[in-house]
Structure formats: structure tokens, C-alpha cells
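So that you can tell them apart, the chains are marked A, B, C and D in the order they are listed, and the count of residues begins at 1 in each.
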């Protein structure tokens, strides 16, 4: 039985981890960490687990938890994990950090975009960027996982084969992304109120969103040269789902079949990535509640551009599901253990 | 391996059956019936099962299917199952009918409310009303199950212990129910369009909805006298979920603790019914995507009434999940096999 | 030119007053009161009035405002208006209070349900309950208006003729009400977050909501005897709209035409009340953004009950629109001045 | 009194015309045309005008109507207006066509994108593209107006000053647009059902949407050279609103203030176009129900691109409101007559 602890269990991503972990028979949740609700029953806050969880919320003592858990998930604000993790903790337990603390290897870029002094840059090189579709082998042996951001997961999976194969010019990349509102978290802020979000949409963080350097760093690795791109997230009135529509100029004339073959080269054997046939488009409803990423594309000879599209559930493949996918790899389990949920529709 | 066939697989309830059955390891779907889409790939219509289902839709030949399947689910319009089912079919395979054909034992009442001539009244007495929480033993041995309606399931579970214990006067029962829009089905009708439903709510079928006699018949059995009640359904702009708010005059002065105890008497051992503590209310989000029914109540000494409240997911406990719960009983399996999904939130 | 001041202009009801008043050519808004945003541009908070309003938010100094304004609207929390209003203020200006401070004439009942000591009971008798459809003449001469609550407005208009005509037994009244989320206000609370409200519904304040005694007091006046009733509000995932479904036992056998005639007796000449023909139901979308109240009914001989249904926009007829309707009466203007907006659909 | 006739009055755009025209005191609607509902009361279909309209729906006889009306609005499918309009009709009455029939001057491009043979190319040169912000003078004298598409209106207003001033390279333009669902019309199709649209988003018409050549033709005029661009519309779960996020490479280094000044050069005197200050973003909720277009931008020195953003209500500025704005110009009235509605929020 794997013992798992969650710090930040009462945020949306943390609670999604609870939902996914509870449905496994090989894992036990030993710690429902939530600074805001210490002492309160977890099931009194997330009533979906009424009668299924009978545990109080605990504080965020990562050191203490590391003595109890085989794996710790930190679904916490930026800076928390990096300020708590130590060599001792990592020697005792595996850590999967859902925050951005260890995603960006260049500490200067991290500090510039996040306006934070990085508390433990010494772990940056060790931490593995937890996108199994590209880093599977490194993840298996890792002690510390930087679980990717929701937008970066969807953006990267959508663009990766095209950049890798050199089909699109990396200098022309534009990513227009749209997200449901769970990505904004459970903080009580006026802009997140129902009446403010419902029946409206807006861009935000234009040319300044923190997920930009994360996407750029990963694509730079793939392209083997620095990639600078435009990234615009939008808020859409729905709970779950991220849709990415990305644009790049083609480096040569291609048929839809060639593009499909290039995607298949990388994803044909991936359980969680479903490349759609030419002419189709992804819809977030077809991945909702699941760990799937649906990818499609459209060639446009008129403009000599390729439109690349991807959809994920931001709470699953964009957060808790991917974290569990990483956990599976770290524990030598089949990668889709506990992650075979079929998307819920309608 | 249980072989299951679905007739009406491309309606919302049928597709929910697909979702639930596919996630089982002990069952195989051998027939995706859909008259409207014969020959088309099921996964081209419900893209959530892309890469998971590689089967075309078939016609609605129940006779042929009965040679292939251990259990047939009919998620079809009123009248279909009753017009197709035969003694031969029932001798070969179990049938779980999600339509109303066999729910109402009094054929006159059926024909009066449904405006249909019943095609096979000879099976009415044999058919078991498939609400496991009251008919568990009969279900185990049944060949033909009348799977309850969504509103009746939620209404009955909410009212049953109070009527059974005589705490409320059956002559005073009023059920005000609210449903998400998936209950309206997948037919292409103007009133079901997004822009017609969104940002609006309405009552419908006032004093005339067909689920009324179904609820009345079941409660009459419990009360051991004829029960006539008011039932008003409402359409609410959301996908899934039914909420029932029911009113009854108390037959005697009771404390909240007594009411709770009366509910617990019937539901304490029920996996899928979660009775909430006094002072709490059910919310559909806490059951979404799951087979749970959350029940709560409020005593009101001012009016001498009891307010009884219940919430279910109309697609799961109100249709496909309950059908699978019945299937489990009919095959001698643990009742919650394949039904331990935790509600999805947000 | 009528000079109007608003205290509490940045709440949803206050901002709706701004929207309605700005569209008039005979009125000028001289005060955008908002304690939370003093000094900030009103148009920086409600950007719908960008380029239309160039005024900062001011504090809530009702005394100072009374020297500037012909009419003051207080769209403020309970207790504010009652704690500020004075004889001097009322001698200088008209006051329309959108809070509950002066709605309930029995101060004991107010204090019991609102858990507040009433700060100025001396004005309770003078204050006119501002429902023009019943108190039109009193409103014309009033200095202080208690603008009705949203639920009470919809409930009362739905029930009033039936109670007045004695068609339903007042001891049997049950009001099941459903509201969009704008009624919860603009406070930053977790239960009002988009992801908490969306795709869910719930009852709240069961047998304890503060609008109950307000409805009861008004109906008691009409019935000329004390009325005690059940009132259950529900939260529904939409921005605007209240739907009331009310139940009462018929005192005698009636035809739908008789019921319609009884409604018409009271409402045939009312511009804002639209009684629907037998067999129809109200929908909130048909009143959205307008001051209309749509009323319908269904006789049910099976249960000997009458189902009465009403729909309003809670922000307009349930708050700001009705306040302006009262203002029109107080200033001797046609009652629908500035209130002829046609409902917005879709 | 202006006599107006509407053909296609029961579609969403036609009904929005009804809403806007009814609120005017200088105009009378003499014809509610709706082939699908001939003989039925208009108010029985659009119940928002209950008690306000007492007219049946009529057929689509444009010839007959031209004898009765001073202005005819055709809110009809592609091909209808062009197949009916004649010199005789135009000699008697003004025609404002909300379809695409006369928007694209190059008949070959029209026929290629719309897969229709143009029935009356002889009127193409006379028809004025009805975007008042650029064609005000021509509109005043026109007999036949091609009312712009919803996406083109929002896209053009967002891009126009930047292209005109040469600040962005026309070869690099990418328009990523998002629309509420009313744009899909009132046809009863499965993909427009509530449960299909709600809680999901998708791109559609990728690299093939018919509004692409309309945008290109207008921007080509402005740029004085052929413009070919990428245009991707998306469907978002909300009723009203279009948001455009457009990308272009800067032709030179600019400050935000310079960009703002370039927008102001064209829009400072436009009542309906509201250019936002640097650092702000448009949100559809701030224009809902109104004829405003909110425009904003973000310079991005990292990528040397300009992000241009615009929001309109697709039913108003994107259809019926703009049509009425054109009507005002054609009748010599102030341009915002009947169009001063303040956006409705929430």
C-alpha cells in the first residue's frame, strides 16, 4: 500500500488528487493538509467524499509528513514547496510539486516572472519536469517532480511534435489559450464570483502570464535553440477544460497526412494522447474528468500556416491526473493505473 | 466475462451506460445499438471514447441481440421495450429497461398517462421495479427490470422512510423537483437549444408529468393506502443533477434527531444513500458523476411541516448507474461493483 | 431634472439602479456612494458605463447627500438606512430603502428574524411598503419607501389575487422559490465563486429565510388573518431571475377560466404584470432585464390544489426597477417612465 | 413615423431587431416576417414581447412588404435577399440586409466561400458595407446596406487603426475569435443543444470560415494591398458576446501611448467604440445588450508583436444594433437613436 500525503488538499487541484487517489486500491491517503481548515473534517469541506473520508485537515508540516508518506503532493502556492523541501525529506520520500517552484531551470527567469526569490535553487537541476510523454525515463528515477502547469501541458503536447520535426518555424509561434474557471483556484475574490465570470469571457495576463517562460523553456529544449513566443490565456465560463489554439508558419509545404504522421510518430503509443484525424477539432467536453489530451490540426495553404489545437481537463492532465501519472512511473506501476476514467459527458 | 448489449446507446442515458460499463473489467459491451446511427462508429458520435471503442452502431434487433448478450439494456423511448420483449428473449437473457414501460403495474394508469396502448401487459407483474434500496431481493432473481425514472428515484428515496414511518401525512405531499437538462434527452428540439435553456428556468408538465403516477404507486405501496400528490418538475440550466424539495405535514411533533434516526433506520447500511445531519442541505454538485443520493431534511415547527430534500445525478443514480446497480444484483456481484466513482467537483 | 443619490452604488442592486437611472433624460445621478471604493472612478469598477459616467465613488454620508438629492436610494446592508435616516433628512428628500429595514411593521418580528436591534422603529409606521400594485396611492405621498425584497415581490404578486379572492386556503400555502445568483450579492465568499455555483443547485435558508415574515405580513393583510407559510429558496446557476412555484389547496372547485378571471381582476390594468393564459408557464428568460412579472397557474383537480407560478428579474422588478417605479410615483410621473425595457433574449 | 418591416423576425437576430425597434418612439414595425411561423402570433414565439406586440407572423414577400415599409431588414439565410431584391423594391424602400449576400464585392470570392451562385451580382457595387465607423457618408445615401457579419465587425474595429497607420505588418495577422452561442442561430441541431454546448468549448471552421474573406476584403481596402490572414472562430458556452484576440508583428518599436494615440485618432469621436487605456483588457460582459465595441491592446517587446483585443455583443453591434445604426444614418437621424442602452450586468 502506497502512503500518500497531500499538502494543500482543500484547493481545487488538491481535492482532485483526493478524488483520484481515493479511487485506487493500492494507495492510502495519510495526510489531508490544509492550513485554512486545520482540525475540520475534510469531508465537511468537500462533501463529495461524505462517508468516504473520515479524516480531519492537518497543517502543512512537510517534515513531519515525510516520515509518514511514501509520496508527498504539494498543491500549494508558489514558493511553498521550495521553502520546505530538504535533502532529508527527499531522502525519505518522493515529492511531486504541483506548483511552479521547480519547473523552470533558469533561476533568473523564475525570479523575474514570479517576482520571488527562489528559496532552494540547489534542487532545480535534480527536479524532473514531470511530463511523462517526454521525460518518462527521468521521471521513473526521480525524487522530486516539478509537475507541469495546466497551460504548458496542453500547449506543449499540442506543439511538441511539430517543433521537433521542424515543420513550423519556432519564431512564429502564437498560442491562444482558453481555460475554464477552476484554474483560478478557490480563493474568495470578486473576479472569480459566479456573476462576474458567467456569461462573459476575457483575456488576462496578456504578454505577461507566468506560464509563458515554462512553455518557452520546454520548446527551446525541443527546438535546440531559444524559442520566444506569444501566449494569451483567456477565462471562459465553464468549470473545467483548457483549449489551446496555436499558430505557426510552415517551414515547407505539407499535406494533412504528413502532419498526422508526424504527430503519430510521437504519440501513437501514448495512452493519454489522442491525435485526431485531419479535419477534426478537439472539444474540451470529450476529455472532461479524464487524463486524456486530444490533439488536432489544420493546414492552411492560403496563409502557409499550421493551426494546432489541443484540449485537456486542466484539473486532471493539467494537474492532479498528471501528478498521479508521475507517481505511477516513480513507483514502477503501469502509467495509467487509476487513470482510466472515461470522460464524463454531458 | 458478462456480455452486455445496449439498445439506444447514443442517447444520453445509453452513452452513460457505455461510460460506466467500459470502466469495468468483468463486462464486455457486445452491441452498441442506435437506429439513428447504424453503421457509424460509436466513437465518432461520442468522442469521449475515442481509442477506447472500435465498434459501429447497430440496429435495435432485440431478438438477435438476446442470442449474444447476457444482459440487455434498453435506453429507448416509451413503448419500444414492451413491443419487442418476448418470453423467448427473457428465457435467454436478462433485460433491464430504462424506459417507463414496466414501471407502473396498473396498465390503465400507464395507458392514461402515457397515451399509449401497452404492447405486452403480460410482463407487468413479472417485471421488478428496480430500486435496490427497497426491492433488493426481488431484483436478484428477476429476468426483467423496470429501471426507475430519474425523478421517481430521487423523490422516492427522499420520502420513503418518512412515509413508511408515518411521520408525514400522505395526503399533504408536495414534490417540487428541479432537473438539469440532460434529462430532456438528445433530440434536436428548439426548447433544448443552448440559448433557450441557458440563463433561464421554468416549470413544465405541471400537474401532468408522467413520473407522477410512478411516484404515487411506489409510495402507495409503502403507505399501504392510495397516495395522491403534487409533483412539479422544473428545468434548470445545468447538465446533470436532480434536486427534490418535498413538503409534508407532520403527523406528530418530532425532533430533528428523531427524523434523522428514522432515515438512518432505512439507510444506515445503504452504500449509495447518504443521509445528512440536521441543518444541512443537499447540493447536486456533491453527487455529480456518481451513484450517490444525498438526503437531508428540515423540521419546521412554525408550519408543522417537514421539508425533505434529496439530490442525485439523473444520469447515474437516475438512469445508467442504477441500471448497473441492478445488473450487479442480478449477477450476484457486490452491489457497488463499477459504481465507486467519487463525485466530480468542480 | 430630478437629482438622485445612491448609497451602495457598487453592489449589484446599486449598479442596476445606475444602469436604469442613467438611461433617463429627466434624472441626474449626483452621488455614487460606495464605502469600499471611495475615491475610485465608478466606471473603473462597473466598466459597462465607461465613457458614460465620469464620477468617483463617494462615502455613505446620507446627511450630506440629503442636501443635494431629491431622492436617495439606499442599496445597503440591513441596518444601515435605519441607523442613518432622520426626520431632518426626510424633511429634505425622499428616501427609497432597498434593504429590509422598514419592510416589516412588527419590530419584534424584524428583530427576531434579522437578529438586529432596530435603530429607528419610529419610522416603521410611516414607511410605505413599496409594491405599487397594491400600495400605489400611499406610495405617491410617501417620504420613506421600504422597497420590497426580491422573493417577496415575486411571491406576493403570484399569490395575492388568489388569497384576496379566497380561492386558496391560506393555511396550506407553500412557496418553493428559485433564484439566480446575483441575489447573493457581490461579496467575495467561497460559496459564491463561479465553480461552486455553476453546474449545481441547492436549497438554502430552509424554514428560516428572512423573506418569510415579509411575505407572511403582506399576505396576512390581504387575507385579513394571520398567514403562516412554508418558504424555501434555492440557488440556481444563472445570473438573473426568480421563479416562484407556489401551492395552495383550493377552497372550492374552480375552472381555469375562473382563476384567470380572478387574476385579471387585479392585474388587467397593470403594465408590469402579465398574466398568462391557462396551460402556460412562466420562464425567467422572458422577463430578464425588464420590470415585468409574468404570472401563470395550473389547477389540479386530482389533488385539489392550485399551482401558482411567477417569474421576475430579481435585479429589476425585484430591486432597482421597482425602486424606480416607486420613484416615478413619488414624483408624479407615469409609472413606467424609464422602465419600458423589453426583456433581453437570448 | 418610420415604417419598418423585418423578414426573418423569429431568428435570434430578427428578434433582437424587434426588441430594439419596439423601444423606439419614432418607428413602427409593420411586418413580422417568419416563414416557419406564418399565422402564429409573434408574441407566442418570443414571449418577451407579451402584451407589447399583437401581430401574427407573415411570410417573406419582400415585394409586397416594399409597398408598406420605409425600410426592410432581411435577417435571413444567405441567398434570400439577393434572390428577392429588385430595382423596383429599391426604388420604393431602403433595404438593410443582415445576411452576407452583398458584403463581399468580388463575386467570385463570394461564390467560392459560400458555395452559392450569386443571384443578383448587379447590386454588389451599389450595396454599401454598413460599418458606420468607416463608411458613414456612403451609408447616409445608400438604398441597400450589407450589414457586416458579427466576427468581421469585431475583428475590423479591433484591427483597423493599426493596419491603417501601418503599425502592424498585414502579412502577419492572426485573428483568434470566440463567440457565444446565439451566433449559431435558432436552428434545431444537435450540436446547438444545451448539453452539447454547455461546459465545453471548441474551434470550428478552422481556416475555412466564411467571415474570413469579408475581413480580408475590408482590411485590404484599408491597407491598400491584398491582405491574407488566419481567422479561427471558437464556440463558448454563453449566450451573447464576441471576443477577438488578434496578433500582428509590429513594423516599428512603439510605446503603449503611441498605440493608444493611433486608436484615438480614429475612434475618439465614435460614440460606440470605447478604446481602453494601456494595460486593460476587454470583457464581453461590459458590452452585453449594447451597441458598444470595447477595444484594447498590449504591446509585447519580447516578441515584437502587438496583441489587439475587441469585444462586442454579437446580437447588437454584431447584427441588429448595427443594422439600426445604419437605419439611423439612412434616415438622417442621430446615429445613436434608440441605441443608448447601457450594457446589462450581471
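The rule is simple: a residue touches a chain if its C-beta (ideal position, glycine included) is under 8 Å from a C-beta of that chain, and two chains touch if they have at least 3 such contacts.
Computed from a predicted structure; not experimentally measured.
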Margin query: Over the chains that touch one another, what is the least number of steps taking chain A to chain D?
Written below: 1
Note to self: By that same contact rule, can you tell me which chains touch chain A and chain B alike?
What the structure shows: C, D
Next item on the list: Using mean Cα positions as chain centres, tell me which chain lies farthest from chain D.
Entry: B
Check: When chain A meets its copy chain C, do both sides use mostly the same residue numbers (more than half shared) or mostly different ones?
Finding: same
Notebook entry, point to check: At what distance in angstrom does the C-alpha mean of chain C lie from that of chain A?
Noted result: 46
Note to self: Need the CA-centroid distance for the pair chain B / chain C, whole Å please.
What the structure shows: 38
Margin query: Averaging over Cα atoms per chain, report the distance between chain C and chain D in Å.
Written below: 36
Item checked: Multi-partner residues of chain D (each touching 2 or more other chains) -> 12, 182, 195-196, 198-199, 237-240, 283, 285, 288, 346
Next item on the list: Mind listing the chain D positions that touch chain A in their complex?
Entry: 174, 176, 178, 180, 195-196, 198-204, 206-207, 228-230, 232, 234, 236-241, 243, 245, 247, 281-285, 288, 298-300, 302-303, 305, 307, 309, 346
Check: Where on chain B does chain D make contact in their complex?
Finding: 12, 181-182, 184, 186, 188-190, 192-199, 237-239
Next item on the list: Over in the complex, which chain C residues touch chain D? Could you list them?
Entry: 12, 15, 19, 22-23, 46-52, 182, 199, 239-240, 274, 276, 283, 285-290, 294, 315, 340-346
